[in-house]
Each structure stands twice: as structure tokens, then as C-alpha cells.
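As written, the chains take the letters A, B, C and D, and residue 1 is the first residue of each chain.
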Amino acid sequence: MIYLNCDYNEGCHPKILERLLETNMDQCFGYGDDKYSNHARELIKKAIGNDNIDIFFLVSGTPTNVAGLNQILRRHQAVMAPDTAHINVHETGMPESCGHKILTFPNQNGKITVGQIEDFINQRNFEPVVEHSVEPKLVYITYPTEIGTLYSKEELEALRACCDRHNLYLYLDGARLGYGLTAEEGDITLQDIAKNCDMFYIGGTKCGALLGEAMVIVNDDLKEGFKYIIKQTGQLLAKGRTAGIQFETLFTDNLYIDICEHANKQACMIRDALKAKNIDFLYETSTNQQFPILPNSFIEKTKNEFLFDANKIISPELSAVRICTSWATKDENVEKLIRIIDKEL
Amino acid sequence: MIYLNCDYNEGCHPKILERLLETNMDQCFGYGDDKYSNHARELIKKAIGNDNIDIFFLVSGTPTNVAGLNQILRRHQAVMAPDTAHINVHETGMPESCGHKILTFPNQNGKITVGQIEDFINQRNFEPVVEHSVEPKLVYITYPTEIGTLYSKEELEALRACCDRHNLYLYLDGARLGYGLTAEEGDITLQDIAKNCDMFYIGGTKCGALLGEAMVIVNDDLKEGFKYIIKQTGQLLAKGRTAGIQFETLFTDNLYIDICEHANKQACMIRDALKAKNIDFLYETSTNQQFPILPNSFIEKTKNEFLFDANKIISPELSAVRICTSWATKDENVEKLIRIIDKEL
Amino acid sequence: MIYLNCDYNEGCHPKILERLLETNMDQCFGYGDDKYSNHARELIKKAIGNDNIDIFFLVSGTPTNVAGLNQILRRHQAVMAPDTAHINVHETGMPESCGHKILTFPNQNGKITVGQIEDFINQRNFEPVVEHSVEPKLVYITYPTEIGTLYSKEELEALRACCDRHNLYLYLDGARLGYGLTAEEGDITLQDIAKNCDMFYIGGTKCGALLGEAMVIVNDDLKEGFKYIIKQTGQLLAKGRTAGIQFETLFTDNLYIDICEHANKQACMIRDALKAKNIDFLYETSTNQQFPILPNSFIEKTKNEFLFDANKIISPELSAVRICTSWATKDENVEKLIRIIDKEL
Amino acid sequence: MIYLNCDYNEGCHPKILERLLETNMDQCFGYGDDKYSNHARELIKKAIGNDNIDIFFLVSGTPTNVAGLNQILRRHQAVMAPDTAHINVHETGMPESCGHKILTFPNQNGKITVGQIEDFINQRNFEPVVEHSVEPKLVYITYPTEIGTLYSKEELEALRACCDRHNLYLYLDGARLGYGLTAEEGDITLQDIAKNCDMFYIGGTKCGALLGEAMVIVNDDLKEGFKYIIKQTGQLLAKGRTAGIQFETLFTDNLYIDICEHANKQACMIRDALKAKNIDFLYETSTNQQFPILPNSFIEKTKNEFLFDANKIISPELSAVRICTSWATKDENVEKLIRIIDKEL
């Protein structure tokens, strides 16, 4: 059986395991203050081209987002996010469990728009008493979005300008950042993200690591005290090197970019094979997640060989599924799937 | 200037002040365990026709709702509510500050429907891993709704049946309950509410009291420990008699019903006068809140005599306003307004 | 039966009820932005002798304290308080329910001392990694303390200096402030409190009001956004005038000071009568709360006439009780008790 | 330089890395529902001798404890713990950040006693109104304690009986459980712990794993919904296998017991060498952490070869330090230290 249902089916890129082996018996300080984590910080700063940033290695995506909210927001301040945002739908209320209200907006192709933010602020300013509702303070975006779409550089800069106008922070959830940075129609670089966001994280778990997310704090006003917040949000590893080594490896020899780019290419090959058969898609994307609407007969026929992620019932004959590639997806399996598509659809 | 902008412009019904005066020097136990509060409990039990209920007097609407959520929900369980729900829009995130996620649904004339709940539960059950999102556990409704609309008895009973099917609790926010119970097209009684809801509150502040809301717990499973929750939610008055006396008075000689019914009638007279002039309304309601769409010229002309609540810009010439009546609204002022409507519109 | 068990057995000072009656039908804006609340603010500013302070009227003591913590502390910052602090023992964990850790210190005659704070900070600075424990940020004191003792002016100023040295805020819980300000051995004025504290509240409920506490924010850095916090902490009254009128009355014609001073005198008369009979006390105080250790036989003999508050079992023959006076305590009842003490002890 | 300051200086036991390598390319389901985690569960159930338990693999100690509290306690219920408890002093307020109040008791050689619990409950029952303070509901213990001491089997059973009498849960933090189970004077087995505790965790990070703690739920009443709580507490690894494999390896061929036992023996050899030189200790323990009070001259002399953990200034000439051994401590380094002790002290 070949799993193509998600991008975390295997362990981690072999180079990370090698490095864990190689360094295993070295003695280091705990809690992220070790040589491997510090080296990883240097590599990331270099990739971003900015030395004046703070970098921390956390464990998982959900609590990394929440640690960000915990750091940024006072208790009466709220997040603005598209309704499809990970923090809104797939974090079991962890943001709310920490006191954060999320103001949601109907997603526009997976995104929140400047227009939506402006309209909300205008309506709010029209009301006589603002204190009966939360104060919007942070805009949350994902790159790529939950459905694989991409903000353009122009959109990103417009969001930044909007945040500046209204004294809002811009936070970017980069759980699958590698796939966004290397998507064929994407025009945003890591440097662009650091220039336009106050805080963001570079995803490890879904981009080849065993675990680990790298939080980057760009805005000086948001730096103080974050170590406390990491610990209080349950994200401080005693053996902090474990997370640091993931990023040290991923940011050496362009590995992070290379493996994500390759996964994107594999996904696009599958996408193109399906499109050639006039298969519709839920969303248009050139990243590693594809959401084709397949005949149930095809899913049935391939189910002993391929595992896809059930996503949505479309009709009695059609279902949307998610097909995911990653660093671990073998070219031969992609080719095998394409041959079956060619033959069976 | 005549204020018709909300239903809490004045102090309280004079009979309450009389009773406060009359009992002022009596010595009582604190924290709600006094003779007046106990008498009020008896009167409410009699009005509901059920002795096996617990009644507590809290201070304000927002924290009363949150105390309810604090009592009912475990930390991974969530509320289902229409997007216009008070807990969603006008509580400055107090529910979230206490850890509660609110799953919102596009309101259907101010309401949440059985269909919406069923669809959500079905989609949820379709997903492979339910633990990545909160567990829906409580349906929140308001009677009358934020926009003055009313659930029918049939709708209420259908919600109850739906909750039973899916192991959900039904909670009713009765901030303006008196106006709902006495609305001309309403067919729900206080007994119906107690029969169909697990927990609800009878609003005092907006129905003639200085302050105070009466929480009623019907479901035995939800009774344990609520006194702790009241205290922890900041709603325990040292001089608990202050709140108890409000409800003792309101539930004596049918006062609660009479004053709300009268306010509804006044509001409907204004409504009918406006309708006679072909004025449109944002929402159709026979309760004490009316939302007519008025020519700005009319608002301008009357602004030195009458204060309405600005609600929504409709066009350069038209604005929706809220006109509210209450126990304190004088008939002569209603008549005066109607004369002006007749003359100026 | 004469209740002397606490200082909130009756309603409120009659002048407050008079004022409620007198103003009942005036129409005002809600939520604390009314003429009575504004007038009360002016009177308090005058009493403090400082115009550059923010004043808000909340409902009850526990949530007023918590609103203060909510305003002041980031989520990894903690309170330092004596173990007897109200926030630690009698708030049903409301501070913790809002995320606040309280670092407690063995009380020194009801107080926290500069020495305790210094020692704690020194030990903390000695540790290699500070982020594994909360950051102390606020010192919480009560005046008078829970057991009726008083900080001297010198102690208050030393605490202020200590807070300045270590970048801490100083917060004062004034639930019974009137009794502290008028205690015979006290040397602190309302002005001293405002000069030395960053934030404090003037207690209403226990000093003659039906309800209400006046939060005073002195430090400019702590002013922003407090209206949101009041609402989110469940302390915003729709009919804000209700609380405002309490303080307007109490701060007119020296009423607050006069009634508290009189209650202190009554308590001291009882204390002195007991001391003349060689009765020991748990704590030495000249405020309205007295904690004599009485023979059980005396308690038994008087129990049909006087209610005291059981406090602590001392021995099979002796029990400590609390005897409380207030604005409502009648001189004749005090005299009656003293006659019985003289005769029976 | 030889680090003996803590038990998490190195990576993990080599067998774990081997297993990670061996299984790296296998495709599994995420979130803990994989074959390795399931195998680890079987091995632990067998070690405990109880099939009717639930086992979950979390990441770190602090959030594992908090997930336990989140699962067990309603919001007005509190933990009872010794003042030295990890949850009280070294979790940066994470328990409080999730709403939990900790009732602390002066530790008795690192422990909480039945007498302390009984006294507290008795005093509480004596008070007229219990709702003004939190309801104690859970007793938190650590094995071994923070200072390396051990509850005896008799003490553990007495705590269980006490919890039964007062309707309390018993929770055990086993961050260093392996060292407790193998300590020479310990008389408690893993089975004893499972018999007497409602919930506990088996520590991985400090006992040879890269990361990971195994939560064991024994009491059926505490099982429902814990997967949600794990996710909401930020402890759900996408690649759950990473944690599962740690425990699979540690519970194969007695590895967990063997490595901890060996580390204890090393620590005791160092302890005995120091005792032979009449060195005093802060606490008496036969576990892997030793707290000798050393002459500063000795610390100075050895500081280029050995790193200890500074713990407490005792006098100008003496300092208490922590010396820790672990699976990774080399016998030759222990011998080297003992030779220096023999020579220099």
C-alpha cells in the first residue's frame, strides 16, 4: 500500500537521522541553548538575510501558533483570520483555551483580503461603544493556505500596508512554508515574508523533519519574554538539540528548498495527469497537496494500492480527495499512479 | 430629550426601590442565602411550575452566560450559536477568555436551525479524526433573539429533540425574556422554556430591574458546584439580597409580565405608525425593540427631541435605527412620537 | 438577634437609597458614562488630590482584583502576596481561572515585607535559567489586611521603593479601605495610597454601599484598554449609574470617612471591654473587625442575642470569633454587648 | 569537560536511534495511531500487568502534567501538592495559565503527607461557606520527588486510602520514574503505582529518550476525551511514532529498568565516596540525583573537568550542588571523579 494521504507518513529525511546519530553522545546545555540550535539559528538568519531576528525551535504547529498569539495579544485583543484558518478549525480550540477570540471572515480562495479587514474596521469605528467587542489586533495568514493557494507578493504587501494603517500585527503560519516558497506560481521569497510579517514560523514537521517548527520574531516589540511563553505553552524541549538539529540539517545545502520543490513537482505531475483526463479540482494549486474530484469507481479500483485522504462527498458518484506528496514520496510511486490514471480514467 | 435608544436608560421599577427601602435595615446572611432571595426562588418556581429546579441570582447578562458555559462545558467542548449571538459579538470575548470556543452559524432570521446543527454533526462524523476540532456540546439560543425575532414552540421542541439525538445541551439566554414571553406572535411560555432547556436565565436588567439575572438550572446533571462557578465568574454579590429583591418584586403580582407586555405594545404602536407610512424595517418583530429604516431627514428633524440608537447605514438618505421601549417609557412620549411620525413622514 | 458577624448584613446607607430614588427616572447613558458616575469621579479625584487618574466603578471585590491583574500582567508574569491574601484564599481561584499565578509568602502579621520580596528576587537571580518559573511583576497588598492590621506609611513607602528597584507594580486591595483610613493607629491617607500605588480600589460594599468598588489607576502605563477588561471580567453594569451613585453619595459630605470611623470606634469599645476582662485576641487591630478568643460558655450564653462569626477552634474551652461593626451597627447594640461582657466575663 | 549537571545532556539511548533508523521509511498513520505506538502500549500494559488502562505518548513533562490536570479537574477544583512540586515551581505557571489553582503544603522531606491533607479538609469543613475557596480534588505526588526522596509503599497506600475517604484523585508525576523504581531503598513497583494512582506518567526524556512521556490512565472515569485534551494542550505529534518508538525501545529487553538502575548505582558510588570524606548532603537519596554540600575550593579545583549544577549557597566556604548521572554517564568518568574525591577532599 502506498500512502499519499498526508505529508507526515514517514519519519524524517535521512540526513537528519544521520546528524542525530553523529551528535548523539555530545554533551550540550538543554532547553535550546546548545551549539546545534545556535548553528541552525545562524543558517536561518543567513537564509532570511537579517541578523536582527529572534529564532526559537518549538515542537508542533498548533502550539507554535498559540505561543505566537500568547506572545502578541493582550487578553481583550483578537485575531482576524479566514474561516478556513488552521487556528479556527483544526486546533481543538487551543487558541480559545488560552483566551484568544478569533474573528473569522469567509475565506476568499483560502485567504483573508484587505477589503474584508477594512470593512470590519470601518463598521467597528461606526459603533458608539467599541468596548463591548474584542479589539482586532493581529491578522493571521497561512502560506500556502490550508487549501494550497498562495498570497501574491502584491497581496502580502497590501496586507502589510493595511496592518500599518490600523495598528495591527501580521502573523504568518508556515506549517508548509517550503511548499509555498517553491511553488511554480508563487512569487514570494523567505526574505519577503520576513520583511512583511511581524512574526512567522518555518514549518519542519510537514517539510521533512521528525518534529519541530522554527518561530521567527522580526518585530522588536514582540521579542521580550518569549522564552517564558514557549515554556508556558508546553513547547520547551529539555533536549532542545532535537529540534535544533532538524533545522540545522534542513537549512544546510539547500535541503529544505530542494525536498519541497521536488514534492511540488511530483504533485503537479499527478495534477496534470488528472487534468489531462478532465478531472475537476476543488482548488487550484501547484503545491504538494492536490484536491481532485474523483469518480468513486476510480477510488474503489485503486484502494488496495493507494491511500488518499477522503475530503468531501460531491455527489453519489464523485468524491473530493487529498493527494499529498513529500520528501519521502518515491518517483516510481508517482509514475505508477500516473500510469493508472492514464489507463483507468 | 426623550431617550428611546435602549431599555436601560432609567433606574428600576419604583416597586423595587420601595422594597429595597422597606427591607434595608433587616439583617440577613450574605451571598444569596437570604430570605428575600429565597422568597424570589419560590415565586419563580411557582411561575415555572416546577419545584425541582435550582435558581441563582447573578449580576449581569454577559457573565451570566459565561457562568453557564463554565458550568456546562469541559474544556474541549464547544458552543453552537448563530453568528449574531450575544456571546459571539457583544461580550468582549469573555467566553473565549474562559476557554470556550463558539462554533458560529449564519443566522437564519436571528436563529440557529436544526438543519444547521444536523449538517455540522454529519460532516463532523464523516471526518476520520474528530479530536482535531472541538466537540460540540451545547446549543445556545436567545429568546427573543438579538434582532427581536422569536423561536416558535415547534422550533424550540425540534431543537430539544435534535439536542437529545446528539447528546447536546440546550441553553437559553433570556436577557429580554419578558418581552419574548409577552410578544403578540410568540407562542412559548416560561413553562415551555423550562421543559425544553437544560439551563436558561430570566433577564432582570433589561426588564425593569436595577441589575440582576436569574439563572435556572433544570437538568439535574448540571446542578453540582454552580455556587463555586458563580463566585469564580465574579458574580457573587456579598449583599445577595440586592439581586434577590429585584426578582421578588418582579415576580409579585405579575409585574414582570405586565411591564414587558406594556413595553411591547408601545413598541408595536410606534411600529404600526411607521408601517402606515410605508417605512421598511430591518427585521420583523413585535417585541420592544424596533429597527425601522428611516430617512435621515426625519432623524435630523427629531434629534433634539428623541434619541434613537444608530444601527446601520443603508444609503446616503436612509439609516436603520433601533427604537426601544421599556417599563419606564411614558405613554405620552410614545404618543408624541407617533404624532410626529404622522405629521413628518 | 443582633448580627455582628460581618459588615454586609444590611442593605446600604440610607442616603444612597434616597439618591437612587431621587434620580431613578432620569434618563442616562449606560455602562458608566452617566452624570452620576462622572460626578462621583470628580469627588474622588478631589479627595485624592490628583486629576490625572482614571476611575472605574465595578461591582464586587473579587472580580475587581482580578480585573486589576488582567489589566496589569502579561501571561507569564505573577503576583507576589502574603499567604493570607484575599486573592489567594477567598476568591475560589478566580485569579488562576484567568491565568494568574500567585507567589505566596508566609504573612508577617498579615503583611508581605520588603525583606521577603528582596530575598525572593535574589534567589531567583541566582538561578541559571529564569524562564522555568513565572516572572514576578506585581506586589499585592491589602489595607487594612485580611486580619485588620495596617501597613505604616514607612512600610508603604519602603514597598514602593522596593518595587521601583525591581521593576514591579504595587497594587492595593481596599475592600475595607475606609476602616483603614480611619483607624486610630493608622498613619496613611488616601493621598499616600495614590502616591505609592500604581493601581488600587476603594471598597464600597463593605463600607456602606449596596455594591460597587471604585478602581483607581494612577500609573499612566496601566490605563489603556481597561474598559475592555472590565467588560471581559464581567463587571460592566448596563445601568452603570447604580454603582456610580453609591460613590457619589459616599464621597459627599465626608460620609465614607464618617461611617467607617464610627464603626471603628464601636469595634474598639467592644475590644476594650473585652481587654478589660483579660480576653486575648488573635490579632491586634483598631479597625472594625475584632478577633477575640472567647470562652465557649460565653458564646453559648449569648448565642440567642448575638451572632458572631466562628473563626478558629483554640482549645476545648476557647474559640476565636470575628466581631464586626459597620455603618449600620446601632450604638445601643454595642452598649448592650458591652454590658453583657462586663457582667458575664 | 564532563557534564554531570543534569540527566538530559546527551541525545538518547543508541537503541532508540537504531530503531528510528530501522523504521524511518515505513508509512504509518499519524497522531499516535501507528504500529510502533501500539506495540509500545502493549509492552507497557504487560509491564504494569493491567490491560484495562489507556496509554498516550506526549512530548514533555510540564505539558504532560498540565494535560492531566486539564483532563481531571473541573474549573473550580484544585490540586493539593507539596510546595516543592514541579507543577508549583518549574512550569512557568502553565497549570495556572490553564486555570488550575495549586494548594501548596510545606514539603515533608519532599513529600505531602496524609496528615496535611486531613488537616486541610477538616479546617475546610469547619468553615460555614465552602464556595469562597476552591474545592480540593486531586493530590499530586512525584516519584521520586524533586529532591530524590521516595514515598514508601505504605505511604502510597495511605495516600490512596485518604483520597478514597475524601473523594480525591491521586496523580503521580513520574518524570524520573525509572530512577525511583530501581532505587535501592525503594519498595514500590510499577504495578503498585498503577494500583494506587488514578493517573500517572512514565518519564521518557530524563530516562534515556530523546523526548516523550507515557501517560497512563487507570481510573475509567478519567478516560473519556483525553485525545482532545492532548491536542488542545499542544502535545499531539503529527508523527506520533517518534514518541511511540522511544517507549517501544525502552520497554523492550528491560532497557528502561537497566539503564536507570545503572545510573543510580553510579550516583550512589559518588555519594558513598563523598560520605567517606564526611561530606554532608542536602537530602538523603539513592537515586541518580545527589545533592552534596561541597567546599567551594573543591568545586573550583574541579571546574575545568566536571560540570555540576549550582543549587544553593550554604556558607562563604560551602555550596550545595546537584550531581546527576544517566544512561549516558560513563563508568570511567564516575571512577575519575571518585579518584579526585579521594585525593582532594
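Definition applied: a contact is a pair of C-beta atoms (placed from the backbone, for glycine too) under 8 Å apart; a residue touches a chain by one contact, two chains touch by 3 or more.
Being a predicted model, the structure only gives us computed values, none of them experimental.
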Contact-richer chain pair [A-B vs A-D]: A-D
Greatest separation from chain D - chain, by CA centre: B
Rounded Å distance, chain A centre to chain D centre (Cα mean): 34
Where chain A and chain B are represented by their mean Cα positions, the distance between them in whole Å: 42
For chain B, residues that touch 2 or more chains besides their own: 75-76, 91-93, 97-99, 131-132, 134, 228, 231-232, 236
Residue ranges of chain B touching chain C (in the complex, touch as defined): 1-3, 6, 8-12, 14, 17, 20-21, 23-30, 59-63, 66, 91-94, 97-98, 205-206, 210-211, 228, 231-239, 241-242, 328
Chain A - residues contacting chain B, complex: 75-76, 78, 89-93, 96-101, 104, 126, 128, 131-134, 309-310, 313
List of chain D residues in touch with chain B within their complex: 31, 70, 74-76, 98-99, 129, 131-132, 134-135, 225, 227-232, 236
